[in-house]
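Below are structures written as structure tokens.
Here chain A shows up in two complexes: once beside chain B, once beside chain C.
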Partner chain A sequence: MNAAPQLLFDALSLGGIYAMAALGIALIFGVMNLVNFAHGNYIAFCVFALILPSSDVVAVMFIGKLPTLLLIPVILAIGAGIAVASEYVIFRHMRGATPVAMMISSFALGFVIQNVMLTVYSSRAKAISLWPDLNTPVDIAGASIPLLQLIVIATTLIVVAGLALLLKKTRIGLEMRAAAENFTMARLLGVRANVVITGAFALSGALAAAVALIMATQTGVADIRMGGQIMLTAFIATVIGGLGSLPGAVAAGFLIGAISVVLQTFLPLEIRAFRDAFLYLFVIVILLAKPQGLFALRSAGPRV
Partner chain B sequence: MARLGVFDLSVRYGKVPALMDVSLHLDEGERLFVAGPNGAGKSSLLKAISGAVPTTHGRIEMDGELLSGRAPENIARLGLSMVPEGREIFGTLSVEENLRVGTGIRRDYQAIAEDMQEIYQSFPVLHERRHTSAGDLSGGQQQMLAIGRALMTNPKLLMVDEPSLGLAPNIVDQVYDTLIALQKARGLTLLIVEQSSVRAARVGGRMVVLRGGKVVATGDAGEFAESDLLNEAYFGQSKAPSGAETHR
Partner chain C sequence: MKTFLTATVLALGLVSPALAQDINIGFAIAKSGWVEAYDTPAVTSARIRIDEINASGGLLGKQIKWIEADTKSDQAQAAQAGQLLVDEEVDMLIVSCDYDFSAPASLAAEAVGMISFSLCAEDIKAGIQGVGPNSFSASVLAAVQGATMAEWSVKERGVKTGYVLLDPTIEYDKGICTGFDWMFPKVGGETVGRDTFKNGDASIASQITRIKALAEEPDAIMLCSYMPGAGAAVRQIRASGINSLILNGSAVDGSYWLNAVPNLSGFIVPVQGSIYGDDPRPEVEAFNVNFEKVSGSRPASTYAYPGYVLIDLWAKAVERAGTVDSGPVVAELEKMRDEPTIFGPRTFTSEIHHQNSAEMQIIEITNGTPAWIDTWTISEPVPLDVLLK
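Up next, the complex of A and B:
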């Protein structure tokens, strides 16, 4: 058993999940200064969309039964749908509100989603089996890596590359980048606020759905609380990356993934349970050194 | 019909008034300078016209269409564009991307490409640096980019907020030369915030002086340059020389 590649794949796959969740948060923050704490609940919502609505302990696959090629777009659309719906119902009416007021509303929305799910599905975690074959180990460089880890890493790369292409090469991407940097100026140039914001929410929700599929396969569990921890970590990643910076969110997602895995491996056994305390110590050190984040948006202020 | 008409416009930020009962008009192809001390409401006037801040009272019309109450992106579609104070270029976007942001409202793709070429001809340095991040441009180049970006929406009325702010005098000359040439070529109507009556007089046009959110004087820019009127308008004595008129 070779530890180094094992470590690398662990770090990349965990970092990839954080990076995708952080991107989902950074996209929305970029265009409307909203830290959407309901993002974690979108993830849980998408996991539960795989099974039949019921409070039984035994989960019966519903959308999860669809063939893979159909299942993936359907779940991505569901994620995009719930995100766009929450914008339409709530955040659209808060455009002029302070970032704090919007953030509190997103917390409230998260609780609403969670409690609706609690009523429908009950609070007990359910075992689900989505693509169980993916947990088969593959031998790479002497290490045995679960196939899923490779798929997570590949998915992250595809998602990041696809998003980069969308943002760089399409009209809506150009408008989203302009709006993320200076929303009022973009509107003065004719960029439609509603189109850009709806687009950001749709992409963000689809990213939440991608994370949901990975988590469901990886853990084999559907739990209404399952998005919470990842949301918190991803939020921290967006702050470290420089709020609103998309490359920053990706880089910081991988950084946090790497630090977690390294701590998990090398911390002495008796303090390993406190891994997160050490992780957040790193976070504090980074923010003390770079309060604006590692990739703070370059200011486009006047120059002489 | 006036290209732009502002009638009894008032703007407040919370309880703080920025503009009080301001009225002015601009005919098609005309050039109007807006002067006034800091805090006079010049930028608020431009922001209100462009829809970036809501009007509290009064109305704004362009070509007979009501602007007040419309979203900025819809006002841009009616043919109004702005070079804001501080230029506000998109620093993380490339120069060419900055120029393309404002073309989303147009469908005349042939003309968009021609406009882009024309702007590159007017400002060759933008063409040289079209793939660099706009944030890396010098102040003068950013000003040129901000003007080019505003023109890419194909406006009928262009508003420029302090084109000379923070620029070396020779660059300011170049910026004005370009603005005037563009106005002649395209029949643009120009509204320019400019502190210097001497410069305004050299370029030529009408001038409106704001102080404390009100119009305190209007007249030909040349008359302001020749007299003490601008100083008086700034500091409050109001003695009107021939031709120009001061209010209150």
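Up next, the complex of A and C:
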């Protein structure tokens, strides 16, 4: 076994998951100044969408039974759907509200989603057998890694590249970038606020769905609290990336994944249980050095 | 707030009109929220035993009634629920399955010297050493489960090398590993490595890399975790091609999660009784059938059983004491040495209100099918200083 490539693949695949989740959060923050804490609940919601709604202990596949080519777009659409719906029902009516008020309503929304799922599916973790073959290990560059890790890395790269193209080459992309830089000015210049915001929510929800598919395949379990940990890590990634900066969110997602894997590998056993404490220590150091994040937007600085 | 309390008291009154000549048991349990799924099966079993006792003439010639208050899977609400039932002057308080949610309620009972029983807490703190001298747990300490896995795997499976994978998210997990670490070297096992992970980790790739970097695959991996993290870890371990025997605590019992790891083999769980219809003690299977009749489905895991044991033992102590007063009942409970129950003998002492040794059933999962394979009692009870580590 070759240690260095193994470490690299472990870091890239964990980072990829964080990057995708962070991107979902950064997209919405960019256009609305909203840190959407319900993002983790979107992830759990999409995982549970794979199985039949029931509180029985044994889960029966529902959408998860569809052929892969159909399953992926359907789940992505469900993710986009719940995100767009929450924008339409809640956040649209809060456009003038302070970021704090919006953040608190996103917490409330997450609470509602989680409790609805609790009622429908019960709190017991459920098993999901989604694409178990993807966990088969393959040998690459002296490292033995599950196929899924490669898919995660590839998917992240495709998503990031696709998003970059969308932002650079399309009208909605241009509008989103303009909105992220200065929303008021963008609106004055004719950017369609509703279209941009709905688009951002749809993309964000679809990203949550992609994370959900990866989590379900990797862990084989569905738990109503499962998005929480990822949401927290991804939120921190968006902060160190520079709130609202999309490349920053991706880079910081990968960075946190890498630091986490390196700490898990090299910390002595006695303090390994405190891995996350060391991880967040790094975060504090980064923020002390660059309070606006690594890739701060020009608009994020003091304006006067 | 006042309206809420009034409403709750009214609701309590409606659920069960408590009569002075009856014996009243209070249940401060989760009827909503995420702990509910763990409390309900044990509560169902407790009620089965209560109904049996009532049907055969009651306890001390009186019928047992129960009243309940919802902890809503919240620690603050648990304290309130416990207090509410203590104020109702119940004769005994039954509290949640998990220590974190049972302690706030049992502390309310402890404050007035009332006996309280946790449905299935497996931490030594749910007893004299934590809550106080009137609190008990009906389950088997986590450390006993780990020690059972250590001794059984060495003696019966010839395991020589072990790897300890701990998820330190909750106290229960640490208890399992503590018991394993105490027993494994005593019986000649060698721990060749150890690592930690978190229950919510998105991936345990680095932990698996470390196991695969060992010169030789360990004979067994002691996995100290619970669902869903445990299922996720097993899926990733098996997928990476590691074929070591995987040893666990009782928390992963049940076949409901097996779809997560298709065709799982070499997976061992210690339990108090088999839910799979093959327990060597016919009374256990008779209980499973009865449980299905009452609740509509067979027990989903071994955690249904302690509720039955709890009422069984408490009622025996009440019979012997001739009263439901907590003092004499606690004294009678503390006299119990290998007291027979249908799920094995139980012992309480004036030092430990838990099982620090127990007859455990060994369940092995082969090709995705769990089955009873053995019965094992550790050769030596886990000492108190190990439990308090």
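In this text, the second predicted complex is superposed on the first by the 298 of 304 C-alpha atoms of A that agree within 3 Å, B and C clash if a C-alpha of one lies under 4 Å from a C-alpha of the other, contacts with A are read in each partner's own complex, and residues count from 1 in each chain.
In this section, contacts are C-beta pairs under 8 Å (C-beta built on N, C-alpha and C of every residue); 3 or more make two chains touch, one makes a residue touch a chain.
Worth saying up front: this structure is predicted, and the values here are computed from it rather than measured.
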First (chain B), second (chain C), both or neither touched by A:Lys290: neither
Which of chain B and chain C A:Leu174 touches, first, second, both or neither: first
Partner with the higher number of touched chain A residues, chain C or chain B: C
Touching partner for A:Lys65 - first (chain B), second (chain C), both, neither: neither
Contacts of A:Arg95 with chain B and chain C, given as first, second, both or neither: neither
Which superposed partner A:Ile224 touches (first chain B, second chain C, both, neither): second
Touched partner set for A:Ile145, first chain B, second chain C, both or neither: second
Contact set on chain A toward chain B in their complex: 171, 174-175, 177-178, 181-182, 184-193, 297-304
Residues of chain A touching chain C in the complex: 1, 3, 6-7, 9-10, 13-14, 17-18, 57-59, 118, 122-129, 132, 135-137, 144-146, 149, 215, 218-226, 228-230, 261, 264-265, 269, 272-273, 275-276
Chain A-facing residues of chain B, complex: 50-52, 71-73, 76-77, 81-82, 84, 86-93, 97, 100-102, 104-105, 133-135, 137-139, 142, 149-150, 153, 165-167
Of all residues in chain C, those that touch chain A in their complex: 33-38, 73, 166, 168, 194-196, 198, 200-203, 205-207, 209-210, 212-213, 227-228, 231-232, 235-236, 239-241, 254-262, 297, 300
